[in-house]
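Shared between the two complexes below is subunit A, which has subunit B as its partner in the first and subunit C in the second.
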Partner chain A sequence: MRARETAGAMARSALPGFGIALAVLIAGLLLAFSVGRYPVSVGDLLAALTGQTVPQAVESVIFQVRGPRVLAAVLVGGALAVAGTAFQGLFRNPLVSPDILGASSGAALGAVIGIFLSLGIVVIQLFAFIGGLVAVAAVYAIGSMVRSRDPILVLVLTGVVVGSLLGAGVGLVKYLADPYNQLPAMTFWLLGSLAATTPGDLWPLFGPVAIGALVLLALRWRMNVMSLPEEEARTLGVATGPLRIAIVAAATLVTSASVATAGIIGWVGLVVPHLARSLVGPDFARLLPASAILGAGYLLLIDTLARTGAQVEIPLGILTAVVGTPFFIWLLTSVSKTWS
Partner chain B sequence: MTLEGHDLTIGYSDRTVGAGINVSLKTGEVLALLGPNGSGKTTLLKTLLGLLPPKAGDIRLDGISLATRSARERAQAIAYVPQTHIATFAFAVETVVLMGRTAHGNLFSRPTAHDHAVAQAALERFGIGALAGRPYTMISGGERQLVLLARALAQEPQFVVLDEPTASLDFGNQGKVMNEIRQLARSGHGVLFTTHDPNHALRAADRACLLRNGEKCGDGPVQDVLNSAMLETLYGAPVTRVTDASGTTAFLPG
Partner chain C sequence: MRINRRTALAGLTATLAAPPLLRATGTVTDDAARAIAVPARVARVFPAGPPAAILIYTLAPDLLIGWTRANRPEECAYLLPETCAKPEVGRLTGRGNTANLEAVLALKPDLILDVGATNATYVSLAARTQEQTGIPYALLDGRFTSAASTYRKLGRLIGRIGEGDDFAVYCERMISTITQRIAYVDARDRPRVYYARGPRGLTTGLGGSINVETIEMLARNVAGETKGGLANVSLEQVLLWNPQVIVTIDLDFAASVGNDPAWAGVDAVRNGRVHLSPKMPFGWVDFPPSVNRLIGLWWLAKILYPKKFPEDIHELTREFYTKFYHVNPTDAQIDHVLAGRG
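Take a look at the complex of A and B:
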């Protein structure tokens, strides 16, 4: 009886946190659909979404122009936040972000090679996606070959080294690229943007993100145990080796798909898990869904700002850093007690 | 039930720490593992827990080789209480204890009402039920050790293995943990713990196993094994024995 009350009390204490995360997502959705060069009223938006007839222009703005971009922001934001949360738990380090194992650097190299070879946008995205997966697989393979009592540390160090090598590769391709057409395209891609999102981009993004996120969500209680020291997790009955591979694979899948669609968008996967942790606590059973919701809302808000904040589109990667860094410092100084 | 290591050679891939070690532990019994730094206590502990494969020999749980059992099956039989540490994330005390239930669920399951009840009962048993909602990072070292004991109990194992359970505790908490170890044996658990203090072995253990340079140099009831001569050989340092009128014995180093 007592236990159920305690559990109930703890679940209730997480409710306001979930409420805030949901409020951010809803505010993000409303703003992203309404604000812009062609403003749409909330009334028109609700009418269009519930299938009522609205002016042709409004319908086209909502479904053709902003819809794909909104969905992409929701998927990419949620994906990066979930991957960051999973990696922070897996590496027992709150300073880890989804690109710790080289997913972003691998995707970047894949994309710039695609641009260098003057391939189509779909193939460039495919190259980026595969680049991310191959980079992490290589890091994992090299890390596993090193015999060590601290496999986590070896993995992180390998990730840093391989990431830096891939960065050199990106530099080389940029150096060789045609400076008038290819180089600007590479620069824009590396800065990250959702501006060019088309309806056709959504399925290749949705598939991997849904699969990876579902795997991570299904494993979310085990992730608590995985955030303990290796030997403790094993004596609690967890086969840490296979589970680590599953978590890394799922998180890499969602990260690579996101980076392939939107380019390099830093900070979301680092900041959002912290914010979510301060809202609902560190238990992954609640943290992971809260992170997903908050990440989606956060990137929607940032992307709306990128779209409307200036005369020209502000690159998303720059904005997430400009907003994310001061925010992160504020988080460190004000709420660090809750996850120290 | 019995947990026994038979003719074990223990160590890591690049070096051997000890050889020819036989050790056994029955349910309802407390075994203390003593030895100087570097004698192989921790390595033996990890080997018995199944964290480190023995280089030779076999560990058997009720006659069946531990190597044939999965991590989950091992966890249902043997719980491990590590030395206290600061966790990366500020999990609630209840969440930490609930993690002890992991081996009773499947890969995707989350704690059930029954798991919550077992966890709360384990906390109550150590008198820390009121801490359930507190962050694990914000309680004292003594309380943290009791939380890890509660987590081990929530695992519902037959055996509990503790690595220097008193190492970072103040005098009062050391006594408290020793008492809890005795209680665990009384409730039918087999308990194995390492310690640097022979007095803790005298107080809490039925048997003591002495390890020196990776070899066993004594094994038996604490009253027989723990004497000045044995301890001086074990640690290579003088030891003074004091006994009071009631016959209670203690050892002083030097």
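Take a look at the complex of A and C:
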């Protein structure tokens, strides 16, 4: 009885946090739809969205270019934030980001190999997606072969080691690549961008992200237990092994799908969970949705800056770092107490 | 040992008087303002990168030691078979060295040639490699407009002055014929061209980039306001620029853009003015940045100003390939090249 009252009070206290997260997302959506390199008036925007006829260029800007890109930014931002939240909880470490187990490095290697072989864009994205999945599966397989009292530590170490090996693989492919054609494409891909998003990219992104996010959301209560030390979690009757696999698999699925669409975008999965935690507290039942909403809004704002700031695209990986670093330092100095 | 002025002078004199490895017959000042002693006999030239390899191939295919990267069989259909089959020797400059200095020495070149940027990075690299290997290392300007002077200098360096001058005159005539015919067109009235790279056509060359050097000679580059190299742009920006002509090197993009609703609002797409650049055996517009782009200038001129350039591109192609690539392409081969296929 008392527990329920406490939970109710906590839920109420999380409301302002959710309000802020939602406000960021809604503001981001309004801003993202109304600004861009191609001027679209609010009237034209509303007319197009309500199905009235508008000039063809305006229509293709809204439905073919800006619309898909806005949705992709929402999905990728939300996905990376959710994956980061899950990993930070699983590894009980605030410095963990979604690429800790090599998902980004694997996806990067897959993509540069695809570019090296001059494959089509869809196949390159597929290579990246599979590369991310295979890399994490390999890390997990190697990690579980090592007998240790601290499986989490082994997993992280394996992830770091395999990640740097994959990084060397990326370096090798770049070294062998044609410097006039392939190398720039690889460099651009590794810097991350949503510039080339088409409507056709949305379903392959949405599917894995939705599945992974739903799995994580369904595991929210058990994830709270997983953030306790291993022995305590087991004492509480949680099968940590299978649960860990489920969390890693779900987080990897959403990360790989995001990276395959947008390239390497750091910082979102690291910074946003902290911000969400400071808004709604550490309970995963609230933290996961809050992270998703906040991550979506955050990347949307960053991507809006990336595509409007200059005539040329500003790579997302650069912007997220430039915006994310000072933000993270501020977060560390002002609200670090919320982690413990 | 005490060094006084006399011993110092004596040492200096000895150094100057010492017979060089290869007896020089004069010097040529390369485009990095370095005096290169002309080797008495040049039988083997090492290309530091693809532009140099192409330049040597055109002027003196028999002297070329090898290629930065091995050619593909499709490319060899448009080159002298025995020269095309020469081995891969790696890259000495540019983005990452793949050639090993010992391997370069083992090939016993009489001259190392680099054609491209002449900034401090490449000048110091040239000086260092020459010092390390003792092989004359000439750095020549790779800019399109310098093609004639580059041929003249190369001709002097390898002892084929007549041939070098002949190529130089050809380049000068070609460039001046084309530029003079459009000289009357005010810069503001020139066609607005977007240069598309990548499978989605969203990578372009900014103002002053070597990738759009020929395009900017004849037309307005819509992305030219921002200076730089290659960059990604958003489709919204392309829609805003609304180019009249799109030139691309990407087969996939050229094939798909016409059916892509997102690009339907671009004038160039609506009017069927998306042009896929030929690329065999070497690209006509962009890479490698060497004399292979000369014929691309004709091609671009005909696309942009069809009335001013009534010449048959087939004949121009045949002439260029005969003179520069030393082959006689068949009609079918020329059609294949002009279709932009790889």
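Convention: the second predicted complex is superposed on the first by the 312 of 340 C-alpha atoms of A that agree within 3 Å, B and C clash if a C-alpha of one lies under 4 Å from a C-alpha of the other, contacts with A are read in each partner's own complex, and residues count from 1 in each chain.
Everything below uses one rule, namely that contacts are C-beta pairs under 8 Å (C-beta built on N, C-alpha and C of every residue); 3 or more make two chains touch, one makes a residue touch a chain.
All figures in this text were calculated on a predicted structure; none of them were measured in a lab.
S.K.: Label the relationship between subunit B and subunit C on subunit A in the superposed model as either fit or clash.
M.R.: With subunit A aligned, subunit B clears subunit C, so fit.
S.K.: Between subunit B (first) and subunit C (second), which does A:224 come into contact with in this model arrangement: first, second, both, or neither?
M.R.: first
S.K.: With both complexes overlaid on chain A, does A:137 touch subunit B (first), subunit C (second), both or neither?
M.R.: neither
S.K.: Just checking: does A:92 make contact with subunit B only, subunit C only, both, or neither of them? Give me first, second, both or neither.
M.R.: In the superposition, A:92 touches subunit B alone.
S.K.: Please state, to the nearest 10 degrees, the angle that the Cα centres of subunit B and subunit C subtend at the Cα centre of subunit A after superposition.
M.R.: 140
S.K.: So, does A:283 touch the first partner subunit B, the second partner subunit C, both, or neither?
M.R.: first
S.K.: Between subunit B (first) and subunit C (second), which does A:22 come into contact with in this model arrangement: first, second, both, or neither?
M.R.: The answer is neither, since A:22 touches no partner chain.
S.K.: Kindly classify A:239 by the partners it touches after superposition: subunit B alone (first), subunit C alone (second), both, or neither?
M.R.: It touches subunit B, and subunit C stays clear.
S.K.: Look across subunit B and subunit C in the superposition and give the shortest C-alpha distance you find, in Å.
M.R.: Between subunit B and subunit C, the minimum C-alpha distance equals 41 Å.
S.K.: For subunit A, which residues belong to both interfaces, subunit B and subunit C?
M.R.: Shared contact residues on subunit A (touching subunit B in one complex, subunit C in the other): none at all.
S.K.: Sort out for me which residues of subunit C touch subunit A in the complex.
M.R.: Against subunit A, the touching part of subunit C is residues 50, 69, 91, 94-96, 98, 197-200, 202-203, 206, 223, 225-226, 228, 230-237, 239-240, 242, 249, 252, 260-265, 283, 286-289.
S.K.: Show me the residue ranges of subunit B that touch subunit A in the complex, using the header's touch definition.
M.R.: 12-13, 46, 49-51, 70-76, 78-80, 82, 85, 87-92, 94-95, 99-100, 102-103, 105, 107-111, 113, 116-117, 119-121, 129, 132-133, 135, 137, 155
S.K.: Which of the residues in subunit A end up touching subunit B in this complex?
M.R.: For this pair, the touching residues of subunit A are 2-4, 6-7, 9-10, 89, 92-94, 147, 149, 218-222, 224-225, 227-229, 231-232, 234-240, 243, 277, 281-283, 285, 338-340.
S.K.: In the complex, go through subunit A and note every residue touching subunit C.
M.R.: Residues 36-39, 56-57, 59-61, 64-66, 69, 120-121, 175, 178-181, 183-185, 188, 193, 195-196, 198, 307, 310-313, 315.
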